[in-house]
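Note sheet for the following structure.
Chain IDs A, B, C and D follow the sequence of writing; residue 1 opens each chain.
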Amino acid sequence: MSKIKVGIIGGAGYTAGELIRILLNHPQAELAFIQSSSNAGNPIYEVHRDLLGDTDLTFVAEPDFSLSDVIFLCMGHGKSKEFVTANDIPSTVKIIDLSHDYRLKAEGNDFVYGLPELNRETIRQSGHIANPGCFATGIQLTMLPLAAAGLLTDELHVHAITGSTGAGQAPSSTSHFSWRSGNVSVYKAFQHQHLGEITQSVKQLQPGYDKAINFIPVRGNHTRGIFVSTYTEFAGTLDEAVSLYESYYAEHPFVFVTKENPDVKQVVNTNKAILHLEKHGSKLMILSVTDNLLKGASGQAVQNMNLQFGLDEKTGLNLKPVSF
Amino acid sequence: MSKIKVGIIGGAGYTAGELIRILLNHPQAELAFIQSSSNAGNPIYEVHRDLLGDTDLTFVAEPDFSLSDVIFLCMGHGKSKEFVTANDIPSTVKIIDLSHDYRLKAEGNDFVYGLPELNRETIRQSGHIANPGCFATGIQLTMLPLAAAGLLTDELHVHAITGSTGAGQAPSSTSHFSWRSGNVSVYKAFQHQHLGEITQSVKQLQPGYDKAINFIPVRGNHTRGIFVSTYTEFAGTLDEAVSLYESYYAEHPFVFVTKENPDVKQVVNTNKAILHLEKHGSKLMILSVTDNLLKGASGQAVQNMNLQFGLDEKTGLNLKPVSF
Amino acid sequence: MSKIKVGIIGGAGYTAGELIRILLNHPQAELAFIQSSSNAGNPIYEVHRDLLGDTDLTFVAEPDFSLSDVIFLCMGHGKSKEFVTANDIPSTVKIIDLSHDYRLKAEGNDFVYGLPELNRETIRQSGHIANPGCFATGIQLTMLPLAAAGLLTDELHVHAITGSTGAGQAPSSTSHFSWRSGNVSVYKAFQHQHLGEITQSVKQLQPGYDKAINFIPVRGNHTRGIFVSTYTEFAGTLDEAVSLYESYYAEHPFVFVTKENPDVKQVVNTNKAILHLEKHGSKLMILSVTDNLLKGASGQAVQNMNLQFGLDEKTGLNLKPVSF
Amino acid sequence: MSKIKVGIIGGAGYTAGELIRILLNHPQAELAFIQSSSNAGNPIYEVHRDLLGDTDLTFVAEPDFSLSDVIFLCMGHGKSKEFVTANDIPSTVKIIDLSHDYRLKAEGNDFVYGLPELNRETIRQSGHIANPGCFATGIQLTMLPLAAAGLLTDELHVHAITGSTGAGQAPSSTSHFSWRSGNVSVYKAFQHQHLGEITQSVKQLQPGYDKAINFIPVRGNHTRGIFVSTYTEFAGTLDEAVSLYESYYAEHPFVFVTKENPDVKQVVNTNKAILHLEKHGSKLMILSVTDNLLKGASGQAVQNMNLQFGLDEKTGLNLKPVSF
């Protein structure tokens, strides 16, 4: 098989950088073009400085869809829909969108929600994928087995701490090192935009579920990784819960259920998700750790590409953990 | 008035260090002795190295109670009770214990739980104070006004992130820089030992409350500060809640209710607690930020000493925030 | 004596914030006004959020010099000269400028270089003080005793690592948390603008010195504190060097010479400087640690104010170290 | 060709962990055994927790040399020599030692110093490799082209900042998070043990060089990466220096000379070294950034293994940078 030719739209941001890092080593894919309006003509490594020596590619101003089998849309939220509308993208070119724009089902939206642990078979058949949000990924993984078994009976209580890269590279008061170093804060409590896709997925599996999903997002003072804690009422035993989760994820190669108390750095720079369950009184607590830029964004996007093109899901995603 | 003569037992640990830092500048107190078995004879500044130039005191091996009006017990949990039992402490010497040992009411325990926002008048009359835990302080401050008004009706959902100094200076796998830097993890979920004193205080104000207090403690990768988020069902409006909290804390000089979204570094190196309330659907969320070593430990201990000796609560506690 | 009435010009930046934090607790000074064009009318604590509960002052648009005995200029470099030129500041109002503008001697510049360890007596007599740069302070303290004794004979090799607050609060690519966290980089090697004032001071003490001062400034990934290492040829013994430094700084209350290997956090949130000397072969190495916002900026500015007004140098500067 | 069978001795430490992370994805190598006395029988992923899901191997108590083509010695300094002496290692088994034990030339020491940019051809022929120290690697790379051209004429001034993983996983006062976070300190100034191997290499290329190499090692508050600055007298132009360095490293695939000011995170989690040169007056400054655990330890060890077995130097070392 010839290699998959990949185009990236919006190549200067964090998620595009991660895609490039992965795809440069992907044995079945090659970078056809990387578009960036503001950086056109410049070498990739001048923006993604760690890629010095890894690639001599330069950014292009305009995509040439005829060169690509698939394009990744890595522009900001709202810009993907604009781009798809404004451009005549051939139907033979697959699209993986990393923005929020197509995640929610709607009239005329033919994008499949790209969470392989929820929709793997549909992803394999689909030309258009809406790649999930980073919080949404880590959070849904704590809930899917319960929902699939129809065992959600009460409210869900979710707390999740994210690294600074989740907020992208645009400078802001909360991205300033002097402020964020050693600091903790909450934002968009109970109102985070990822609640939409989370609720949609839970109801896909357990349509009658109508309790609140309470979600407190926290800004941590690390750069990569999301730590999620979820708990809810669960009538069964811990063993039953563990069996449920192990069984649900048995065929999903990036998700692991562990008896050990997890930490975020176990998964940083990997596409893995590690889950851990505890039962306390009537509550089942499920923890998950993921890397927001990989399983929460670009790693999952490549996982989706692999599925779309009939490759093994893990191709190009055996990444060395940074560990420290 | 002559200055309060202070003795410190177990002077080499973090909380003792903070006590010394505060008391060196306290206008109404002076350090009579600082005991440390393992460091006897050595200058204080060899252990608390930032105190170079601030004091020439040396650690003593044995306390001489006759020199002190009050002693602070800064040994590990379990050791305070041993110490009080083994030593013949004159009844004229007040005791402020920073350990867990006397926080829970029990037959023969004459220590008053030293949370001024709960027990200020009793503290003023008491010779023996059990200083609250750091998590317990930040968490109780989010709950006291509701409990005092008898308005707790459902479970409490508490999530709190602490800095590394909360775990003391003994090295452990989770205190190793290479592991903790950039990392997040949970420990003792639903089982943290501070739940005992939290529950005791809530029931002191609202005796009939019998719902679960769900508490997930998180290890953050900062050194100082605790960020607490608490939420529960609340039938009133946000304005009513804010009024309730402002009214409850009106006469408590270290607690502030703010309309702005808070962050931990607002209070680091101060004895302050900042609270922030939001209403989402039927839920009232209360956030608090405190410094675990000050309002969560040694600052509060000095606040208690001030109360015991009839001083203004804030004496010696107008500390310069570090801010960054 | 009535309190010194202080005005601050440019009140929204980092150095102004630190001045306010110090002066709110200064027993002999009071804040008369805090000017900020962009924040006029807003409470101080909305910008310096850690000051919630500490002051109800608001920013003013225009300074009223008649209200103040001294003004601190905390605007950016280049703006102080503009301000002094554009405004008719009464000659009775003392000025302490924290910018670069008046540090170098020049025709018509009547500002005294405000390093008390170099110019204390002159500062006492002077109405106009140019407060030293942060790097410049930490570096000069490693050199002054040698220069005063005429013992500089060869090149000086200086390496200094600064925290992020040294670069102020304007966002930039190098202040972005995602970049700076866990990162190290060098800037303006051999060309840093503080070399001018450093050279000027060294030559004030040892006029014939004409060797290179090689200076490599490093961006660390902490927020506060400067670590300086300086070395040069020194013919004497270590003991002689230590005696020289101890003697030079004996009457300077913020500078300490220690036999222990120092670290930055010994001085963070204090106005102290800690020095440490080692002799290796023919080289004398002198290390210094200071807090760039205090001894390197606002703390030293208050020290200068104290001197100008005949107060004890340490008044209001017994600050609790943050230590962790 | 069948895969290289690899044994690791001392499998629980940081460098062993990195070796395993690399070798699990190395296309031409496979892990034959991982020895650890203290962890025998336990799964690898219980110690190196990020490897959960990547391997089911367990630690063995005793190595079986007959199973391996090469062994990596990852025990502490001093223990390698003990191990080699105590065990009858077949001469057909190649040895790569990551300790200090065999780096210095000595009677009876047949280990080749494993810096490929210095000794590539000899490494290819050698069964026994002494892998360089982490500081030593980053520092030598700044000096080799000058020494090879015989252009070192004066003292070398070296300053290098390392991450915490350079000190290994044993807990100590300087590895405690509460101390090290936000802190900077110097250790072993002018006396670091790596000076021996650095001097040896410089003299290998320029035998007559007899000036001082002044080296100040700094503990940074990051986990991975070494930033080196070196400067010395250089009579030529910057262009000449850049040509010299580019030419020297042209055939060395992991070393890059860049015109941009570098930072440590450009190379974290890679085997790359990035160099940058500046000329200031008569001084040439050379900066280098490397990952202390990869190019400074385990990555370089695999690079050496590749050379020993006739593979492309980069095999298995195209690692995804962590970048943030």
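Basically, a contact is a pair of C-beta atoms (placed from the backbone, for glycine too) under 8 Å apart; a residue touches a chain by one contact, two chains touch by 3 or more.
Fair warning: this is a prediction, and the values are worked out from it, not measured in the lab.
> Once you count every C-beta pair in contact for both, which comes out on top, A-C or B-C?
Between the two chain pairs, B-C has more contacting C-beta pairs.
> Specify the chain most distant from subunit D by Cα centroid.
B
> Provide the C-alpha centroid distance between subunit A and subunit C, rounded to the nearest whole angstrom.
About 46 Å separates the centre of subunit A from that of subunit C.
> Using Cα averages as centroids, what's the distance between subunit A and subunit B in whole Å?
40
> Which whole number of Å gives the spacing of the CA centres of subunit B and subunit C?
34
> Note the residues in subunit A that touch 2 or more other chains, in rising order.
14, 163-165, 178, 181-182, 221-224, 262-263, 265, 268, 324
> Can you list the residues on subunit C that touch subunit D in the complex?
157, 159, 161, 163, 178-179, 181-187, 189-191, 212, 214, 216, 218, 220-225, 227, 229, 231, 261-265, 268, 278, 280-281, 283, 285, 287, 289, 324
> Using the touch rule from the top, collect the residues of subunit A that touch subunit C in their complex.
Interface residues on the subunit A side: 14, 163-165, 169, 171-173, 175-178, 180-182, 221-223.
> Spell out the part of subunit D that touches subunit A in their complex, as residue ranges.
14, 17-18, 21-22, 24-25, 46, 48-54, 163-165, 181-182, 223-224, 256, 258, 260, 262-263, 265-270, 272, 274, 293, 318-324
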